[in-house]
């Protein structure tokens, strides 16, 4: 179960939140099951030992109890919700001594384009990030609605045209973490997945240097070709133009 | 633009599997028409059923329409489950575009034409008897509403024969549903089938709320049976939620047909507003469906525990609380769209707040069973099945109402398992319980208990097999609406991914068996009627609807069928841009409304 | 008869007030009255006229319990849907507007 | 307001129409842009026409002279519609048609839907006058007052806010 063995600081907090909330709710759910099957068995028509009071249909105290119990559980869960929603807000930068790496994500028809503005490299359907370094994703789209989701690193967020969504994630340890689009966006949707390669800092720098020197250049024409609907293999680029903001402005209001 | 707008002969030609569906639809229609002609039953059908204003007959027609559409929606489900089982690291046998049409049609059919139709069927049959009014407030409007819903179903099935259906998901989010990404007529079929059926639903809502408000005779509000209360709550939601759907679909239609820019990606369009509006209707919609099911369970539990319903007052308060709260929660369907923590947290907490009245209902049902003499007839089994599955669904629902948890669970198979838990466990089991419980009232025949129990056990086992694995798959990061799983997608390497999908597919097969048992149950019960014949009140229920026999009402009017037929031409004309046809049909509808007869109760 | 007349007068009053304010505001080329004040006062006039017409024209007070209940419920739903939608959409817009959308230089413009 | 079955049913329809207009208002407010395309005197005349027609339709119901007041209301209603069609035509000719932008799409949708309702009311009045059967007059009056109330919010939030 990915979600329960997460390898990102955000994903692990979300996983513990899920477990916490489930345990809290079991306080109500388990008694319901117990009562259901016990009453069903004990008060079956055949059991004449059981007390039968057909007109007992009102008890102030009991009703008060099962208005109060769910209310209390929900109050606790509500506090948990208010706190966790603010703590795990995708826009909140992660606590770290190191400045976050900026990665720009563009959802294209059935493929993901990743841009590293400060490093002059880009990649398609593959995402190289340094482990233990916070990464701030700026996510937009040049396609129908998609949702950028790497389950082992953290929650998802929608990728929409003209919108710049921000998501802060960090990989705890190096590893390969699959990523998906979590919102149906057309016939090639099932092929719209990628892999996040979290590597050590020096390996990441080596990758950036190699990519910058050997990869083809991502210019206007190459980008325009990518806009056509298709499912693509992994690929890397070098690039110098500010593509992300140009895409964003294209759909701006 | 040619005389037939976008309609060309190519629209009749489809891929291999779709042609199969096309042939089945055409053959089914032909066989039905020939059979009726052969038996010389057209006159009987026209006079006794199609033009009848008797709410009981309209109710039975609703239920038959619901069974037909439930059948088609279920075939879609079987195809999807088999494709997902076959397509782990392989293409499977259904193309991605066809798979998208399947899950879109499955969602639309099951919600609008299976569940809503069945709900209005049961309300038509039972509500007038529970109120003692014997009839609804506006009988002609009732017939018109049914035929508008039937027209919506007709247009939807027509998309199998000519053209195709939307490939966008059952709520057709733009920009995918805009012309830029969905150029075909599919989304237009979707819009107009739902728009026409939606107007029929709104009119029914007005009809039944007026019936409850003005035709109760001396029955005071707090004496009304629980099913009437939940119907009152559901109709309130229909009246105040469906206009939002009407606007949202109309705006999308204006975008696609006349080049407006509400939700397009350019010129200031804002697709997020569509999502916001469709769910402002969407969440009340699921409560419209589940509240009558709650009402049925309140009747069933009281009758089969041979006890009065426990805590009537708090049940009424809980129902009305759910009605109000259901309009304050809709953002939990798009926590992940990018709203701030304050908005998400507020709507998350409001969503949990709905769990309180629902929890109270569950406890009141449990304590209706307490100190009762429980008879485990089939309706009671459906109730036990409901409580088990609905409680699991409620837990996962409250879990997903926590935004930070929903960031990981949204649009995954976990979500798919949750809402099937609520809709099958709650709504479908509720309607099956109601169907079995009231079947003797209207036919004098008790449905065969043996086949009924077999159907229940097959349903509950099939349901758990089909959807519990989806919870696990959702936690493994499998999203919904995947027509296949690539070898390179990272899911392929997950050890259980393969056979979890196989279990789910097997579960669907077991449900198919259960549906077969239900069909056998009905045939067996009718075939040897004499053995299953029962008296007036076989369950010895205190419900008012059982106390007097339900005599048929003989008023008739062909106006409902006429408006339904003209509405079908209107929809077809708009879908295929045959403007003259749409204009003529619109004039026909206006004429029909202008020439409405002066009702005898008019002052 | 007189009832309708009173309703007309009151409605006219609020209509004239609204139009008068805006007319004056426009006449003095948008400087006379601060916009914020207008954005509060004009809706108040609209709601006032709504109440006037509900009492004098729709005769709601003479309606039975159901008319009033459904009227109140409609207002609640309108407030929830319109208010909720505005809060949500403005929040979505604010959270997703690029903080520093700089104007990319011409050659960056996409075709 | 009598409380018989048909009046309550029609009242429920009007309440559902309130939510329909609420959704259109919400869409208009969200997609609002800023174009200087409205003229204050023009919309003032429209507002007066509809307000007075709301008065005359009330008189048609209260007094026994239904025909005269209904005809007056019909004329005012058609006048209102004429002005609206004139305004829409001009906007389109100047290039501010509904496909110009989301703001104008939502403007045409909101004001246009209200216009369609006014047209339906006028047709209803016409049928009543032709057939001389006034058993639905009470419901027409409710419908017409409801349309005037919606127009109050349209002229405030669409036109006056647009002019500011």
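A, B, C and D are the chain letters, set down in written order, and residue numbers restart from 1 in every chain.
Methods note: contacts are C-beta pairs under 8 Å (C-beta built on N, C-alpha and C of every residue); 3 or more make two chains touch, one makes a residue touch a chain.
As the structure is a prediction and not an experimental result, all values here were calculated from the model.
Chain centres here are C-alpha means, and the one lying farthest from chain D is A.
Among the chains in view, B has its Cα centre nearest the centre of the complete protein Cα set.
Annotation: 35 Å between the Cα-based centres of chain B and chain D. Chain geometry summary: the mean Cα position of chain A and that of chain C are 38 Å apart. In this assembly, the C-alpha centroid of chain C lies 16 Å from the C-alpha centroid of chain D. Counting only residues that touch two or more partner chains, chain D has 3, 8, 12, 15, 19, 23, 26, 30.
Residue positions 213-214, 239-240, 244, 268, 270, 272-273, 277, 280, 337-338, 340 of chain B are each in touch with at least two other chains.
In chain C, the positions touching at least two other chains are 66, 70, 73-74, 77, 81, 85, 89, 92, 95-96.
Per the touch definition, chain B reaches chain C in the complex via residues 213-214, 236, 239-240, 244, 270, 272-273, 276-277, 280, 324, 327-328, 330-331, 337-340, 342-343.
Those residues of chain B that touch chain A in the complex are listed here as 95-97, 100, 167-169, 173-176, 181, 265-266, 268, 270-272, 305-314, 334, 336-338, 340-341, 344-345, 348-349, 352-353, 355-356, 359-360, 362-364, 366-376, 384, 387-388, 391-392, 394-395, 398-399, 401-412, 472, 475-477, 479-486, 488-491. Residues of chain C that touch chain A in their complex: 92, 95-98, 101-104, 107-111.
On chain A, the positions that touch chain C within their shared complex are 91, 138, 160, 163-165, 220, 223-224, 241-243, 245-250, 252. Of all residues in chain A, only 1-4, 11, 13-15, 17-18, 21-22, 25-26, 28-29, 32-33, 35-36, 39-40, 43-45, 50-59, 62-63, 66-67, 69-71, 74, 77-78, 80-82, 84-91, 144-145, 147, 149, 151-152, 154-158, 160-163, 165, 176, 178, 180-191, 193, 195, 251, 253 touch chain B in the complex they form.
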